[in-house]
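Below, each structure is written out as structure tokens.
After this come two complexes, each holding chain A, first together with chain B and then together with chain C.
== the complex of A and B ==
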């Protein structure tokens, strides 16, 4: 049955694996491509020190923490999603978010003069040193809560990253442009699910409305402006998110009402994340994130 | 891939019984000549059934196989490794989807296949009934079980059924990346602290047997460790699959290839494969290893253990929790279709 050309064809594929391993052996610190085009580790590239800017470092750390923490929450869904397609979609989004966090952390470590790597920032800070908005750490809840959280965040992220793409720092502007493009896909995913659930069955409508009510009090914090942001905006370094709130509200209102749902009008607004004051559910998230890294002091990964 | 023979077959299944012998002769000749069978071609029922069973089991294995590594996504010790692992688990979900689609070209329905998995009527590879206890397990799984998968599946890239072969070409390419990443992860651990290396060795100690025994199926030759009767039985099944071009090699042949590939890699890592019988056999030109007999195989299966139950339970829970979401999506799609239809009738062109 098996011809010699068959054997050669097999050998070629098996060879691929063997060659792949051989390549891995020679390419220690260089880029490691994966089937999904995972970006090369920024940890491997020596950081040119560059000028420091403590305010910008604080700001980029906040953005990076948003991305990492939301990505971590989405990772919790994988293998628990309603369909295999959603396992795939949510992991895709998580992968992009982790990518954003890596770029932002690497830059932050240079800007604050500490020389900390992306992994130093992700794995060796305590809960109180994380500065993500509380929205991103909210537990996943049911699929509708996750969709509502995605809806709020992605509409904000597209607007903010688009604005960032116009900033004078070329590296940051390029990142903003790339992140805005990726976030636009995540926004499409959230918009579609909001509509499907809103206009699906009575149960899904009820759950989607409840999901919106759950996350809405946490949306305002994304647009908060403090002295750090005001100084950065005044100097023209990066835009403030505050002026984007009106457009955000207009966009999400369009999606929510289009889905036959009501935009919540929360009586209170959560905050504190930017100052390191988190929910009680945040501690376990960080403990899980850092557990292996902390278990092996001096480990190399 | 000799596709030139494809055109020879009539496409209609509803043919007179008298023609069946002729169709079968055509089919046998096509497959024997290394031709490709396409969904609309006539095929024997047994061929269709064997394919559906094999493709479904493979698809289920991809989906269930996401779990042991998926459990480490939230704990990956660096952001680079986290990204790589997310990408890998995502690839496995994609493999599951291609394969379910390939099964659907044979008239199977994905929902029915999943239902059969959840009810225990169909199975995933027992390899994944083993627990991923430490971070190093994610490396050992990618290096060893994905490595075994590449060897096992490489011949399937030329399997006689077209959609399956095409799905497998894509799958194999991605699996080869997984092997490389798994090896790279293990190497980082082996070059790290003594505690890291110890974790790596422990993972290999636990994943070697599931990989070498379960990824290739039971022994099907006497040399491979089966007694004469089971070898004959195994060989008969393998022979039929081979005659139909679904399978191309015996389980034991592929197992040997796997051992030959892994031993030098383990040596370079400085890890010990947990089989004292492994040594180079100059005469055979292969590594000797402890044959995987039926007893070993059965022991490795871990049927109905805590973990076997856990995997299916998690699948079922995810599916049940998601019922309202799938129902909503279906209701929404139906309403959209109805709206579109109404619009077409209201606004005649």
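== the complex of A and C ==
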């Protein structure tokens, strides 16, 4: 069954989330070529194979899942945003996030020794194998909920990627530096909208406050530390996000109070995403994300 | 299939310098008025550790959707130049910045209605302030930010209060 919304959704997936599989090739000239031969981040050359590190692979997969899932959520706004300018803004942000996921997935597939490509990781894992923080999969809600989710994530992402830029792995550090710059642009977008809605009409203020209340219980998970992260941080491989929470809180408090709003103090905190436990709304997101790949396994275009 | 392959299948092997020239001449898929060379995304063109010719490409943005098309176009050039086994390598460090756009690239962008990025002035003072970016249509400096996200990821939209026209601007990065 194909509905018009399926077609729209598929188109969005094709244009954005599935750029990973988009390999322009003409069948006659490159019939024997696979995506791995053509993709810029293709692994498989001896110089790039590198050593394995299961812990780092787990950690990068988490970061990549955060980026991919949030990017996919933002894609749902395409043609539905309040203005065409917001359509552009949210889809551009989604594009950056999917770019982050691609880099992280490619590295992850090398580090875990499985040789899985970015496409394998994005399109062939089941729901329980995704390890994103639950914040990133929360439904878009109204525009204020999306802004609140962006506010929480972007402030975290800038802090974490800036910290990652100082890690000893040159390739990962370069990624962190670039991703932090891109996330800072997304943060500016979230900060501005938080202020505009917070200081707008009584209705926009009420909705923005409600948006913050909706997402706040999910923010703590971004800074969670488990044995994997503790081992990596102790070895000096990558930083833990846990020590960044205080600065995050200080930054977002500045924006929220500056917008005339109140920082929520939730009585509970969500968790489980890093272990593959997800919210009810996650299944449909993954189904849509993977629908093209499932209909045309191994397809390239 | 018998006999020798037609000459077109095995093109003459071109020099590394010629490969570089051809790669630099590939038009950017999103900003076709300038080539990859003027955009500053082409790194070294040299044989890798295993002797296979490698072309380094530094992406402008990590999620740049043009990257796949660029990679494919470079691969085509390698094949046309007699290096079908050649590789494209994505390099993130040092990162691409708008400072890598050549003066010629800036001139071409402006001539095509895209305001080139405004680089930090020597000495560290940042020249980017309201009114700093000249309008590519009328030259007025009375311009102001209009939209932070433009027609492609690397462009924002400014507004000229002189000729009252919006124009794209390659955002300084």
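In this section, the second predicted complex is superposed on the first by the 252 of 301 C-alpha atoms of A that agree within 3 Å, B and C clash if a C-alpha of one lies under 4 Å from a C-alpha of the other, contacts with A are read in each partner's own complex, and residues count from 1 in each chain.
In this text, a residue touches a chain if its C-beta (ideal position, glycine included) is under 8 Å from a C-beta of that chain, and two chains touch if they have at least 3 such contacts.
All values reported here derive from a predicted model rather than from experimental measurement.
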Which superposed partner A:300 touches (first chain B, second chain C, both, neither): first
Chain B versus chain C as contact partner of A:207, first or second or both or neither: first
Partner chain in contact with A:237 - chain B first, chain C second, else both or neither: neither
First, second, both or neither for A:185, with chain B first and chain C second: second
Partner chain(s) touched by A:291 [first = chain B, second = chain C, both, neither]: first
First (chain B), second (chain C), both or neither touched by A:279: neither
Contact breadth on chain A, by residue count: chain C or chain B: B
Partner chain(s) touched by A:140 [first = chain B, second = chain C, both, neither]: neither
Chain B versus chain C as contact partner of A:102, first or second or both or neither: both
First (chain B), second (chain C), both or neither touched by A:123: first
Shared chain A surface residues [contacts with chain B and with chain C]: 23-25, 38-39, 41, 85, 88, 92, 95, 98-99, 102
Chain A - residues contacting chain C, complex: 19, 22-25, 38-41, 45-47, 85, 88-89, 92-93, 95-100, 102-103, 170-171, 173-175, 177-179, 181-182, 185, 188-189
Footprint of chain A on chain C - complex, ascending: 48-50, 57, 59, 61-65, 67-72, 75, 87-90, 92-95, 147-151, 153, 173
List of chain B residues in touch with chain A within their complex: 34, 63, 66-67, 70, 72-84, 86-91, 93-94, 96-97, 100, 135, 147, 150-151, 154-155, 157-158, 172-181, 183-184, 187-188, 191-193, 195-196, 199, 242-243, 245, 248-249, 257, 261, 265, 268, 314, 317-319, 321-329, 331-332, 335
For the chain A and chain B complex, residues of the former touching the latter: 1-3, 6, 9-10, 13-14, 16-18, 20-21, 23-25, 32-39, 41, 43, 68, 72, 75-76, 78-88, 91-92, 94-95, 98-99, 101-102, 105, 118-119, 122-123, 142-143, 195-197, 199-201, 203-204, 207, 288-289, 291-293, 296-301
